[in-house]
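Next up: some structures, all given as structure tokens.
Two complexes, one shared chain (chain A), two partners (chain B, chain C).
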Partner chain A sequence: MKKVYINSISSITPQKTFDNSEFLDEVIIHENQVIFAVEPKYKDYIPPAAARRMAKGIKMGVVASKLSLQEAGLEQVDAVITGTGMGCLRDSEKFLGAIINNNEQYLTPTSFIQSTHNTVGGQIALELQCKGYNFTYVHGSNSFESGLLDAKLQLELDEAQNILVGGVDELGDHTTKLNQIIHHVKEENISSLDVLSSKTKGAVFGEGASFFVLSNKKQASSYAEIISVKMYNTLAQNELSETALHFLKENSLKAEDIDAVVLGNNGDIEFDGYYNLLTSGIFSNTQQVCYKHLIGEFNTASPFGLWIASKILKTQTLPEVIKKNNIKTSSFKYILLYNMYRGENHSFTLLKSC
Partner chain B sequence: MEALKQELKENIIEQLNLEDMSVEDIANDDLLFGDGLALDSIDALELIVMLDKNYGIKLTDPKEGRAIFETINTMAAYITEHRSK
Partner chain C sequence: MSKGVAITGMGAISAIGNNVAENFQSLVESKKGISKISKIDTIHKDDIMVGEIAYTNSELEEILGLSPGNNYSRTGLIGAIAAKEAIANSGITNINKYKTGLISATSVGGMDMTEQYYYNYLETDTNRRYIASHHAGDSTQKIAEQLGIAKSLVTTISTACSSAANAIMLGARLIKSGQLDRVIVGGSDCMSKFTINGFKTLMILSDTYSTPFDENRKGLNLGEAAAFLVLESDAVVKAENKNVLGYVKGYGNANDAFHQTASSDHGDGATLAMEKALKVAGYTAKDIDYINAHGTATGNNDLSEGRAIIRVFGEENVPEFSSTKAYIGHTLAAAGAIEAVYSILALQNNVIFPNLNFKTQMKEFNITPELKLKEKELKTVMSNSFGFGGNCSTVIFSKEP
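== the complex of A and B ==
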């Protein structure tokens, strides 16, 4: 089986992360319940004729994919795999709103065409004229990891050499209101710096798009090797530590071998207990890293965790703003990522420096 | 008629997301499809729905649309003659 490498990364989030030459050098401190992506100049990347029908999520996805291809030095890939929890929410809301407001009459095609979950993957393939494998995974907070596993398997078996894998989700006004009604969004405005220590229910909601070129050919600019990806739809808190240790054991590692653990804490007092079990237990002596206080929670926030882990492994640096504790680490070789949302769709991703 | 032409330009810009255009950029005799505004078949469907919704005009013959949607002038003339609202 071939090894799988992360050859390029790109991320558009509520931080200015689309400039890949930086590693959280400047951090935007948000103070809200809902935080929006910092957008690049789309006109620099998408022709106006194509952009006019694209909602924000599609634009973010297309640009993130282009940035990733650019960094990998590729003009074409063998496959495009996308993960999205909610798909193109804005156009879905627009189309459904028009059905209600116009009494099921006068429905226009554009928002309907653009509202499907696989619109982003389709638009990327159209731009690239990529007629290869194109798949979109929709699986809550495991959407991206499902795509990551698919790509990893194809690359290991040499069915493809370069695959564009990404995750994208956009905020939609109506859906955000619904999430506020059911208290999945925090009720109070809160600073990015205080989110993780908040003692309240719900999360700060965000949005973004991240894309990666995965390859079975290592190049000088490669960020990391992907050792393993594993997902669980359900996992009880009392099974978590044992499951994490078992995952490491399957890869001939112990908790002490992990140089940093990248966690998906979002400051929700109801569910952060999962993460706290790991940080106060098997990884209490490990460097702990968190990132959702900077970008908010959304179904495909976890690829930003992969962006961070990739950056740490390549640059061997760790910005203060994402440190949850302070453990002296001489070098970063193995990084474990763990993510879940509201106690469901758990994922473990193991990276190794290369 | 001039007010209708102005209204049509505003609606076309809004409905078709022509973000970089303003009413002043569209002349009454500019071709809407082809060399002019370069609208496409999806835009044609949007315009058909717009005629129905805003002016109560139902286009049943697609060939008819080609002449009606040629320019702002032809659209305004057709709407003035056939509108029911």
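== the complex of A and C ==
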């Protein structure tokens, strides 16, 4: 079986993360419970006429995929795999709103067409003229990880050599409102710096797009090797530590071997208990890294965790703003990522420096 | 690594039956399930024909034994019914005895509830429990819960109308690579105002019975369905002495990279998908005994698919083919799964289901779908599913491993 490498990374988030020459050098402190992506200049990447028809999520996805290809030095890939928890939410809201408001009359197809979950994947294929494998996963907080696993399987078996894998979700006004009334979004305005210690219900909601070129050929730009990805639809708190250790054992590792854990805690008092179990338990002496205070929670926030882990392994640096504790780490070799949302769809991803 | 990917169980619910046996009965009796819409209040009710599942939501909830406060969308309800039938058909009593995953497919997800309560949610809390069941992954999580699949690989694919074919493909790859010993694969999509209006704006809904591969085809009938297959590794089949219904022998996914909704004139993506599937199966075109076509009865699909079939097989050598969408409508993300069930029923019973409602030969080519129920010794069946975003998928089923 071939090894699988991350050859390029790109991420558009509520921080200015699309420029890979930086690593969170400047951080935007958001003060709201709903935070929006910092967008690159789309016209540098998409013809303005095309961009006008695209909702934000599609634009973010297309540009993130282009940045990722650019960094990997590729013009084509063998497959495009996209994850999205909510799909093209703005177009869905637009079309549904029009159906209801106009009693099913005077509708135009554009927003319906673009509301399809695989619009971003299809659009990337269209732009690249990529006739290869094209899948879209839509499984909550495991949408991106499903794609990661899929790509890894293909690359290991050499069924493909370069695969573009990404995740994208956009905020939609009405859906945000609905998530507010059921308290999945925090009620109070809160600073990015206080989110993780908020002790209140709900999360800060964000949005973004991340794409990576995974390859079974290592190159100068490579960030890390992906050792393993595993998903669990359910996991009780009392099973978490044992499951994490078992996952490491399957890869011949122990908790002590891990140089950093990158965690998906979002400051929701109802569910952060999962992460706290790990940080106060098996990984209490491990460098802990958090990121959702900077970009908010969304179904495909976790690929930003992968972006961070990749950066740490390649640059061997760790910005203060994402440190949860302070452990003296001489070098970063193995990084474990753990993510879930509201107690469902858990994932472990294991990376190794290369 | 498992060499074969055995199908050991299946379940289905559609407009022509609430289980696999009822579906088969309707197929052989040429009994279609297309009618005026009854369960959704839409201003288009007199202009369209649809394939609705007979049960109401409360009947489905009762069958599943759900409490009144549940938050299952109709997608989740019909999905759970079909998946449970598949498990029972496979004779599985202890689901967690082997590494078992679930790969489902949907395009609608919980849109049926969202469209009912979109503004109402803001006013009263009566139905707010459905807010969290809107996203596509929710129905899959519910089905997993119904089957007792826990701490395992559960995911959802949404590539429009090829979704379930892709779920079968991923499941087969997970078995072959040894990631899972057993995987339930399929899809579920319920009827919704959202899709009715969406397809209406695209002007591809027929106002009468759909007529796949007919020169005068006027568009598709929408349908709702759910179907699931149980896929198991050679080791499980052997250890449990399983009755094998057929095998997933080949699969291929390709992108047409032509247009967001339309297929290319010559079916580039479809051709590639069929060729890839043949290659994975180790077959040549001659080895295919029957094609269960995508055949939506839109002007664009049937021409593009027909041309692609000719490119792969040669106009003189196209095996018997038919679209079964005239029976149940186009069931979108579930289509690849319900048509997989029909393909396996064809294999098991050595019978080709007719392409209903066909009258006039298309003028662009000389291939004609099978119009009558035909008995033929079948070893292999190819099933096509194509979707928006240029997504093209082919799965090949076989009797022998």
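Convention: the second predicted complex is superposed on the first by the 354 of 354 C-alpha atoms of A that agree within 3 Å, B and C clash if a C-alpha of one lies under 4 Å from a C-alpha of the other, contacts with A are read in each partner's own complex, and residues count from 1 in each chain.
Note that in this section a contact is a pair of C-beta atoms (placed from the backbone, for glycine too) under 8 Å apart; a residue touches a chain by one contact, two chains touch by 3 or more.
Computed from a prediction, not measured in an experiment: that's the story for all the values here.
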In the superposition on chain A, see if there is space for chain B and chain C together, and answer fit or clash.
-> fit
Which of chain B and chain C A:A220 touches, first, second, both or neither | neither
Could you say whether A:R52 touches chain B, chain C, both of them, or neither, answering first, second, both or neither?
-> first
In the superposed arrangement, does chain B or chain C reach more residues of chain A?
-> C
Looking at the overlay, what does A:G122 touch: chain B (first), chain C (second), both, or neither?
-> second
Once the shared chain is lined up, is A:Y137 touching chain B (first), chain C (second), both, or neither of them?
-> second
Shortest Cα gap between chain B and chain C in the overlay, whole Å, is 8
Dual-contact residues of chain A, meaning touching chain B and chain C, are 105, 107-109, 113
Mind pulling up the chain A residues that touch chain C in the complex?
-> 80, 85-87, 92, 95-97, 99-100, 103-105, 107-109, 112-119, 121-123, 125-126, 128-140, 142-143, 146, 149-150, 153, 156-157, 174-175, 177-179, 181-182, 184, 230-235, 239, 243, 299, 344-345
Spell out the part of chain C that touches chain A in their complex, as residue ranges.
-> 42-44, 102, 106-107, 109, 111, 114-115, 118-119, 121-122, 125, 128, 131-132, 134-138, 140-141, 144, 149-160, 166, 170, 173-174, 177, 179, 193-194, 197-198, 200-202, 253-261, 268-269, 272, 387-391
Which residues, counting only chain B, touch chain A once they are in their complex?
-> 15-20, 38, 42, 45-46, 49, 52-53
Quick one: which bits of chain A touch chain B in the complex? Just the residue numbers, please.
-> 48-49, 51-53, 102, 105-110, 113
